[in-house]
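In the two complexes that follow, chain A is the common piece, with chain B as its partner first and chain C second.
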Partner chain A sequence: MQTFIVDTPWTIWVVAVPLIGALLAFLWPRRAVATGFAFGLATAAVSLALLWQVAASGPRIYAMGGWGAPIGVDLHTDGLSAIMLTMAAVVGTAVSVYARPYLAATPDKARGFWPLWLFLWAALNALFQTNDIFNLYVTLELLGLSAVALVALAGSGPALLGAMRYLLVSLCGSMAFLVGIALLYRAYGTLDLTLLAARADGGLQLGIPLGAMVAGMLLKTGLFPFHVWLPPAHGSARAPVSALLSALVVKASFYVLLRLWFTFQPADEGLALLLGGLGAVAVFWGSFQALRQRRLKLLVAYSTAAQLGYLFLAFPLAASDPALAWGGSIYLAVSHACAKGAMFLAAGSIMTEQGHDDIDGLDRVVDRMPLTTAAFALAGISLAGLPPTGGFVGKWMLLQAALEQGLWHWALVIVGGGLLTAAYVFRVLGYAFTESSHAREEHAVPRTMEWAALALALAAVSLGFIAPWALSLLEGVLP
Partner chain B sequence: MDNGLLFAAGGLGVFLIGAWAVVLRAHLIRKILALNLMSSGAFLLLVGAGAIGHAGVDPVPQAMVITGIVVSISATALGLAIVLRIAKTTGRALLPEDRERTPTDRPLR
Partner chain C sequence: MTVNAWLPLAILASSLIPGLIIFTLPERAVALRTTLNLGGAVVKILLLVLMMVGVFHGVVFEVRIPLVPGLDFVLHADALSLLFVNLSAVLWLATTVYAIGYLEGSPHRSRFFGYFSLCVTATVGLAMAGNLLTFLVFYEALTLTTYPLVVHRETEVARRAGRIYLAYTLLGGVLLLTGTVWLYALTGTLEFVDRGFVSGLGIDPAVLRVVFAVLILGVGVKAALVPLHAWLPRAMVAPAPVSALLHAVAVVKAGAFGIVRIVYDVFGVEYAAELGVTLPLAVLAAFTILYGSVRALFQDNLKRRLAFSTVSQVSYITLGVAIAGPIATIGGLVHLVHQGFMKITLFFCAGNYAESAGLHQVSELAGIGRRMPWTTAAFTLAAFGMIGMPPMAGFVSKWYLGLGGLEVGQDWVLLVLAGSSILNAAYFLPIVRTAWFDEPSDERIRSVGPGGLESPLMLLLPPLATVAAALVWGLFATMPGTPLDWVQFIASRKYGE
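Let's look at the complex of A and B:
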């Protein structure tokens, strides 16, 4: 058993399993739900096996088709990849468990959801292991197209418009990335990230393509001021789709940005300051917008725009102790994925139960759905960065990095953003505990849906306890 | 001026024209056409990148362009399908923020 797990090339199976599942679910729509669910669980299991493999025996390299770089395309699975794959596996399992009862009432949507979701998962898993910039472009496009189709699946007017806006932004971002690839290939004659890291020499021939690629990834990640497409798309999709988009899809382009940064290590402090500054504005702007929202799902979506800002604070803080700042940012990304996934799933349960998601009409929802309210509260605590959650660990590391260098203004952003997060989470909880005269319907919500959200929220909390082990995986990856 | 540089400069020009139209044209079909223009520009740039400074023609950029064309066709198909749905649901192939700017645009049938 042990040798089986250690010897199998899971690197390729984490991409192949969801891809096969997606094709089968697409070709046999009548069995799509059962096939999709089974292959979803299998993908999660394979991801965990890969995590074990990387934790036990270090980074893996898989040469696709036996060619190897620079001619072929290599898949590299290091600690960062393994953490991201595991994040996708945890969120993916919860969303798969949730989606089955959630979509049971609309079989036509379920038939569309499962193949698209597995395609999305395959693209994510491939992206997290890619060591070739053109392969990054291809996986980004696969990811973007399946994400757009998932948003459009809701079929309502706002969802279609959100999907359209998302498609335009996502394609513009990829095009900028592609132009960067062309210029990099022209300058250095390779697409492999390892070779590029060795050959890149700085100056304009690196600066211009890197600028184009970073701009493209900012568009796709939805960092302020490029966030305008994000709340409508994430807020109008069906609940499992919103959870996937906010938890995983935006993290993929952030991951690409990190990889580019670690590969080229730009010496330019101005770009790092610019990214950090935009992140700080995003934290405040997104939080204020979240406070102003009247619909629960839009509040959660604006909260994503705010929390994404935090991830970018690592760029100006990484100068003296890179491991601390980058580790904090990556840990924050992972715990945000679990917490935000839980929040969107909880919001979806509430919307199903009472037929609307107006915040002032929550009407003692805690009495009717204690599990869902608990999931929302626990996820909120992690987002706000209260101990002992994963969000706390990430924010604490960033805070420490800021204070060590005496950069008080960044520390203020981290603390202030946390307070604002607590404010909008407790605003929702306040309405959840009080009565309201707002009209509402009453539908039964399957217990599985409530438990899936709660499990994901508990994962966000428990990330606070496994931090030392998880962060040790990053050794050797960070610059 | 050698051929590669001509391709690259032309590609960049086409790319920028496409980017300009994606932002400023209101009708969604025009936006999708503009995106196609952008990708054509990027492909031309890739071909140009392969042609300069190498002995003969480098096949890698051509392989990339073929892959890129496949991606671009799928994206266009998805985009057009969504435009049709939007036109059916809202009566016009426009995004809400572009609606005030083009009051005379005819509905798409």
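Let's look at the complex of A and C:
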């Protein structure tokens, strides 16, 4: 058993399993739900096996077709990849479990959902392991297209509009990225990240393509001021789709950005400051917008725009102790994935139960759906960076990085954003505890949906206890 | 000396696990819920006795779990933490008994008792925290677990009170977080040590003064130091057992305990005095003492009057700490315990008046002593203790505070104590007088318990037990095993002689 786990090339299976699942679910729509669900669970299991493999025996390199770089394409799975793959596995499992009962009432949507979702998962897993810059582009494009299709699945007017905007943004981002790739290839004659890191020499022939690629990724991640597409797309999709978009898809482009940054290590302080500054504005702008929303799902969507800002605070903080700042940022990304996934799932349950998601009409939802409310609360606590959660660990590390360098303005952004987050989370919880005369319907919500959200929220909380182990995976990856 | 890791965790688990199980119970499972509640409370006390015996024999109880890079989650049993753990565990048992009686037949009891248990878990964890990070974790956990108790009534008023409560406490939490990380960036450690860990590291005293202020403001919110106290009277909207717990054990005490930890085990009281930060703290505490008392004078609602009284009384602890002398330390720390027992009695009694006779205002209490003699007797004794009359425990606290002030040449402390005692008398004695000596004027009073018990036994026994304890500790203050005895031992470790 042990040798089986150590020797199997899970690297390739984490991409192949969801891809096969997607094909089968697409070819046999009648059995799409059962197939999709089974392959979803299998993908998660395979991802965990890969995590074990990487944790036990270090980074893995898989030369596709046995060619090897620079001629062939390599899959690299290091600690960062393993963390991201595990994040996708955890969120993916919860979303899969949730989606089955959630979509049971609309079989045609379910038949569309499963192939797309598994396809998205395959693209995501490939992206997290690729060491080739053109492959990054391909996987990003596949990811973006399946994500747009998933948003459009809702079928409503706002969802289609959101999907169209999302498509445009996604394409623009990819185009910018592609331009960067072409210029890089012209300058250095390779697409392999390891080789590029060795050959890149700075100056304009690196600066221009890098700028284009960074801009493309900012667009896709939805960092302020490129966030305008994000709330409508994330807020109008069906609940499991919103969870996937906010938890995983935006993290993919952030991951690409990190890889680029670690590869080329730009010495330009101005760019780091710019990214951090945009992040800071995003934290405040997104939070204020979240505070103003009347609908729960939009509040959660704006919260994503705000929390993404946090991830970028690492750029200006990484100078003196890179492991601390990058570690904090990556930990926040993973915690946010679990917490935000849980929040969207919980919001979906609430919307299903009472037929609307007006915040001031939550009408003692805590009595009717204690598990869902608990999921929302625990996720919110993690987002706000309150202990003992993954969000706390991430914010602690960023704060420590800021204060060790005496960079008070960044520290203020970190703690101020935390307070604003708590303000909008507890605004919802306050209404969840209060009687309201707002009209509402009453539908039964399957327990599976409630538990899936709660499990994901508990994952965000338990991240607060495993930080030293999880962060040790990053050794050797961070600059 | 051997190290034992399981006992601190078991003490946490004795309320955490019953709490989590209670959440899952249906409303009608009264017997099982009561068993879990009381069983957990009793087991916690037994485990504590075990731990105290162990500490007495030189066993070190400590758990270390890595939490963030370079820092551990530490639970550690020292003399100071045992003082607070004991207070929490004993008063939790009393409050649980009271709450079971008080909430009989009301809705959402599983939720209530679930959070109730989590809240005590957080308090006990906070007491045993071995470093500032662990303290912070439980400090925030306490905020989060008390919120559902504050908004328990599910009304619009409760929601607003909850919002104010969170606004204050989360702001305090953020200040504490900032101070903690800042201190860690400066010193590279957060471990509590007798006589502090920041001195002698060559850190700029001006920076340390600011760190001190940030940390103290952070915990000062929960300790209800003026002007950070406004949440406390509003939180009165919660059910009586919650108010009792908030005021006597959990929230305000957590703040006061935080001040104790920061002054003694982070900065070291002598170094803090050297930095010149204790005098401003003492002045702030003195102001809070007088301000709270003055505000209490004008409250007609009994619970609000008690709330302002808490604002005032808790600052005695801060004052004792900030005077920075060994004798004042004894006064302040012993008040941590004494105030807890006396104040919880007062809240139990206020709850009984509300529950049995429907009385909430001081002006309605005329003649209640004839109908509810036991409750009123407990109330009277506890009020005497608050004023500082011998032989109640409150006298012992004030005696040591006054002596401690004289010892370090801060004679103004005596004036503050005298002024506060007069004010305490001015807002407590009229209640006592009207309760015993005035003719009942309110219809509702006559309806109370002729021929039967004035209140159910579960509501009557807790205040009688707590006030008896406060009386015994006043009468036999110098006997071994009293809070005073224990606190004298603690004080001897926090000073360098």
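What we mean here is this: the second predicted complex is superposed on the first by the 479 of 479 C-alpha atoms of A that agree within 3 Å, B and C clash if a C-alpha of one lies under 4 Å from a C-alpha of the other, contacts with A are read in each partner's own complex, and residues count from 1 in each chain.
Assume a contact is a pair of C-beta atoms (placed from the backbone, for glycine too) under 8 Å apart; a residue touches a chain by one contact, two chains touch by 3 or more.
Computed from a predicted model, the values in this text were never measured in an experiment.
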item: First, second, both or neither for A:Leu118, with chain B first and chain C second; value: neither
item: Residues of chain A touched, compared between chain B and chain C (which is higher); value: C
item: Partner chain in contact with A:Leu324 - chain B first, chain C second, else both or neither; value: second
item: Which of chain B and chain C A:Ala290 touches, first, second, both or neither; value: neither
item: First (chain B), second (chain C), both or neither touched by A:Val97; value: neither
item: First, second, both or neither for A:Leu145, with chain B first and chain C second; value: first
item: Partner chain in contact with A:Leu471 - chain B first, chain C second, else both or neither; value: second
item: Which of chain B and chain C A:Thr434 touches, first, second, both or neither; value: second
item: Partner chain in contact with A:Asp367 - chain B first, chain C second, else both or neither; value: second
item: Contacts on chain A seen with chain B and repeated with chain C across the two complexes; value: none
item: Chain A - residues contacting chain B, complex; value: 134, 137-138, 141, 145, 148-149, 152, 155-157, 160-161, 163-165, 167-168, 171-172, 175, 178-179, 181-183, 185-186, 189, 191
item: Residues of chain A defined as touching chain C within the complex; value: 323-324, 327, 364, 366-367, 370, 381, 386-388, 392-393, 396-397, 399-400, 403-404, 411, 415, 418-419, 422-423, 426-427, 429-431, 433-435, 464-465, 467-468, 471
item: Chain A partner contacts - residues on chain B that touch it in the complex; value: 8, 11-12, 15, 19, 22, 28, 31, 35, 38-39, 42, 45-46, 48-50, 52-54, 60-61, 64, 67-68, 71, 74-75, 78-79, 82-83, 85-86, 89-90, 95-96
item: Contact footprint of chain A on chain C as seen in their complex; value: 23, 65-69, 73, 108, 111, 136-137, 140-141, 144, 147-148, 151, 154-156, 158-159, 162-163, 166-167, 170-171, 173-174, 177-178, 181-182, 184-185
